[in-house]
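Next come the structures, one after another.
You will see chain A twice below: alongside chain B first, and alongside chain C after that.
Entry: the complex of A and B
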């Protein structure tokens, strides 16, 4: 425990400017939020008549309270926040793994071979802009209540990874390939030792963007007969019943989950970059 | 390294909570006599039933007759058999509307037009050979985008009614009590809104005075609100809300004027109408963009209590008219046969709808539990 405190202290002391700026901007954000909520309510420091819709913006502390209660004493659909997180994470990781497993090879192929690019591009460009929400009834019927929501998350994550990998694979410096060839590398070597490592940073950008969009899709995904609830379902239900502090608590949870998954992705990136020799 | 440790600990904590909750949930499921539910948009229910995503669904018309007429489903229970004369859709007024120019009189006239439209529908439905019955079916076909056979079947199980009365009030009390049990609102919220009890809430939230005043309203040759129409909210293709279609139609009265025009009203669709859900319509009431609207009683209760939306119920729109549908030849012949099976309920929010509440009431009568599918 002391070790964690010490390392947290080191982390803060070595980055204190960043930490201070982050805290300051968060404080300003919370202050603006608080003032807006107070203004809607005509609470101190404002006065006059409250807006008819003041309950749509709870105070930050009310949200924090709801966040805490949602774990222990305020179930939604009979499920506590822990259960909603579990349901969402399961859905999210299945979607992510599928998207990753498919987007990386397809992106590499489309980036390196003009034939693959020409064949894949029309389909990718046609499907990419379709909002995930539009697929809901179709996926429900074709894929069912378990796989349907996963497919929505999959779509959100798939395209950012695909496009970034494709772009990365395409922008490999030809002199690197020539150099490798001069040194006697075969096609497979070039692919594994030049193209793939070069693509990793692009891939990770795609993963980071994709993770964010994946979490954005979770609310849409969980409108679709979401078994076992989910954080998106939690948001949808509480907003539908005007239990707004809980709605915001759900949003906060999505934010936290997104930060955590992006953080893990950052760690993996550093590992992988080192491993493939890009860092 | 340090950062990794912190992140790993936080992640581990989340996973532990998740796994513990899952374990808790699995142990809950082991009990016998449980029926599971899943929230779904009613428009998707028929397809979900035919592809075996769910074993049954409960919804309002025309989504029930849709499956029955198409011979893919049959009705296991009509909601009228669970609670005869149960409330369903209501007419809701934004209370602030009353403080606008002629607000009170406009609302009273609207209720009068609603009453006349409802009576016209009931007369039409009473005589299936009549011209008005055909007119009504045509209007419903246009409004719901269903074919005439589905509409005619649906009309058999729903009744249009504007009166409210004591059985209406006691049903709303029962629903509100269930919402408190289900954690969807709290007694504290009742207190926040100035109500001393559930009975006090229903007594004051349901306002009979508009129906009473309607008796004294006569047709008007002039429009009372030229240039500032009443903004009307209603739900997409909801057959329960036909009164507003009839009230706006110029063919029903036979005079060339709609019921609304007959009583001197200019009305237009509110921004966002037709709404996809009652919750969305209540948000319109909160934003002040809906003056009068048709919607289910539950969202109007919950969003008024939880979100403080300034509304009041001024008339009923219909009673009954929902059913539990199972696949044709599914072998499900009683609610007991639904144990460990999944029923789609309208939502999310899943627990809000009258259909959910009524099914829960009936399952509990038979000693069965109704829990969310996990």
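Entry: the complex of A and C
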């Protein structure tokens, strides 16, 4: 009993220590930021920056203020932050769903059949290293301001999922397939009951990596124009209007959105791995 | 079982297997002959690389033969199937499935209804002594327990024969001895025909009705040694040691031949 109490105490205190360390490092970061902003504004005799550089570095509290106001009383291009978030999320999930729906079957096929691998490899290897951002000008003209950003997000998410699923499908232990065969499994059974569950953890890694890249892509894509707003668009417009506290507020929002989607993916991963019995 | 008539379970005749490794052509088996009777326990024994696992994999339908015939109850084997259960040295359990779900795999594939699956899996869980571990995952089990799952999984399909590829090869000596006794108990409870590959003379003499000693590559039957000792066998008895010595002598000669061949190749 005493042991249980002690280990529970250790768990709580170790978590508390982690939280405390995170808060401390964030405080240090904010302090350095604040000092830098103050330094830019100070009227030192040896300062030597007569330009308006201070304008680009608002105080942390100004950013927080702008973040708050953007939701309630300061629309950008006639839209409040909530509407920008909605527009971005919509594009993001469209791109994600498309990428997921295509990358999983293609990855499984390329991982299991040398013919699919041989046929797909040149195309994948050629397109994969091209930064999705490079497609922006073409997609915006070809697909427009609504489907264009979706296509960019799609490209950003597609390849991490594809490569991880392919690697997972290729790594299936051959004795597991032998075992399934001696238990009467045919090709489809092996695919659904051995290859697919084996690949799930790899798939989830691909999803996590893809989500991060997806947010990078959507900001870039929306900067060149987005109908109905978007957080990337919000950043671009406020910077153009020299409303820099708002620009930083938009950047903060991207960080928060990325953390949220990664968190959701983590929850889904736990559910799925429980479902396939990995945990 | 099946009246007094002795019927043949597995019939292998003039089996050969040639495979290509890079540019070398390797003859793994050549003119391998064996008949296993219904309900019999036969051990395949031979120097490493003699092709004993290849024989088993061909019977399982996991590998294609180059020539010859392999029949199960008079019917030619062409591919893998649930009428031949296999137990692997590396256990080959599905890590994402619980013990119960591993055992039910073959039944799921056959689309046996869930309630019936539960009844069958319970029967084999009890038979191999896994009661209380139904909902554990393989990683939570010791090697011996894992192989109990492997055996139950193969038996749940009610196969005509059980093919075992060095199933206790990765277990420690103590567990190995225990599992050999357990296997004999399961064998007498189910009456299955067992074809068992091992490189341990001791294991073969303890388990088998007949021991098939194979030659070095290309593998064929060198000698079939019947073990006419009553079970349970005593490893330290004079008779046991006698049979062991006879098998060892046969095997040693093959080892020497294999070594001489290797040396002449270098």
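Everything below uses one rule, namely that the second predicted complex is superposed on the first by the 252 of 279 C-alpha atoms of A that agree within 3 Å, B and C clash if a C-alpha of one lies under 4 Å from a C-alpha of the other, contacts with A are read in each partner's own complex, and residues count from 1 in each chain.
To be clear about the criterion, a residue touches a chain if its C-beta (ideal position, glycine included) is under 8 Å from a C-beta of that chain, and two chains touch if they have at least 3 such contacts.
Keep in mind that what you see is a predicted model, and the values were worked out from it rather than measured.
*Asks:* Based on the superposed arrangement, let me know which partner A:185 touches: chain B (first), chain C (second), both, or neither?
*Replies:* Second partner only.
*Asks:* Which of the two partners, first being chain B and second being chain C, lies in contact with A:240: first, second, both, or neither?
*Replies:* In the superposition, A:240 touches chain B alone.
*Asks:* With both complexes overlaid on chain A, does A:116 touch chain B (first), chain C (second), both or neither?
*Replies:* Neither chain B nor chain C is touched by A:116.
*Asks:* Have a look at where A:175 lands relative to chain B and chain C in the superposition and call it first, second, both or neither.
*Replies:* In the superposed model, A:175 contacts chain C only, not chain B.
*Asks:* Return first, second, both or neither, reflecting whether A:252 touches chain B, chain C, both chains, or no partner chain.
*Replies:* In the superposed model, A:252 contacts neither chain B nor chain C.
*Asks:* Is A:194 in contact with chain B, with chain C, with both, or with neither (first, second, both, neither)?
*Replies:* second
*Asks:* Which chain, chain B or chain C, ends up touching more residues of chain A in the combined arrangement?
*Replies:* On the superposition, B touches more of the residues of chain A.
*Asks:* Pick out the shared contact residues on chain A: the ones touching chain B in one complex and chain C in the other.
*Replies:* Overlap of chain B and chain C footprints on chain A: empty.
*Asks:* Provide the residue numbers of chain A that touch chain B in the complex, in ascending order.
*Replies:* 4, 7-8, 10-11, 52-56, 71, 74-80, 82-83, 85-87, 89, 136-137, 140-142, 144-145, 222-229, 233, 236-244, 260, 263-264, 267
*Asks:* Can you name the residues of chain C that touch chain A in the complex?
*Replies:* Against chain A, the touching part of chain C is residues 60-62, 80-82, 84-86, 88, 90, 92-98, 101, 105-106, 108-110, 137, 153-154, 157, 163.
*Asks:* Mind pulling up the chain A residues that touch chain C in the complex?
*Replies:* Within the complex, chain A contacts chain C at residues 173, 175-176, 178-186, 189, 193-194, 197-198, 200, 276-278.
*Asks:* Hey, which residues of chain B end up touching chain A in the complex?
*Replies:* For this pair, the touching residues of chain B are 1-7, 9-11, 14, 17-22, 24-25, 38-41, 43-44, 47-48, 51, 53-54, 96, 183-185, 277, 279, 282, 286-288, 299, 302-303, 305-310, 344, 347-352, 371-374.
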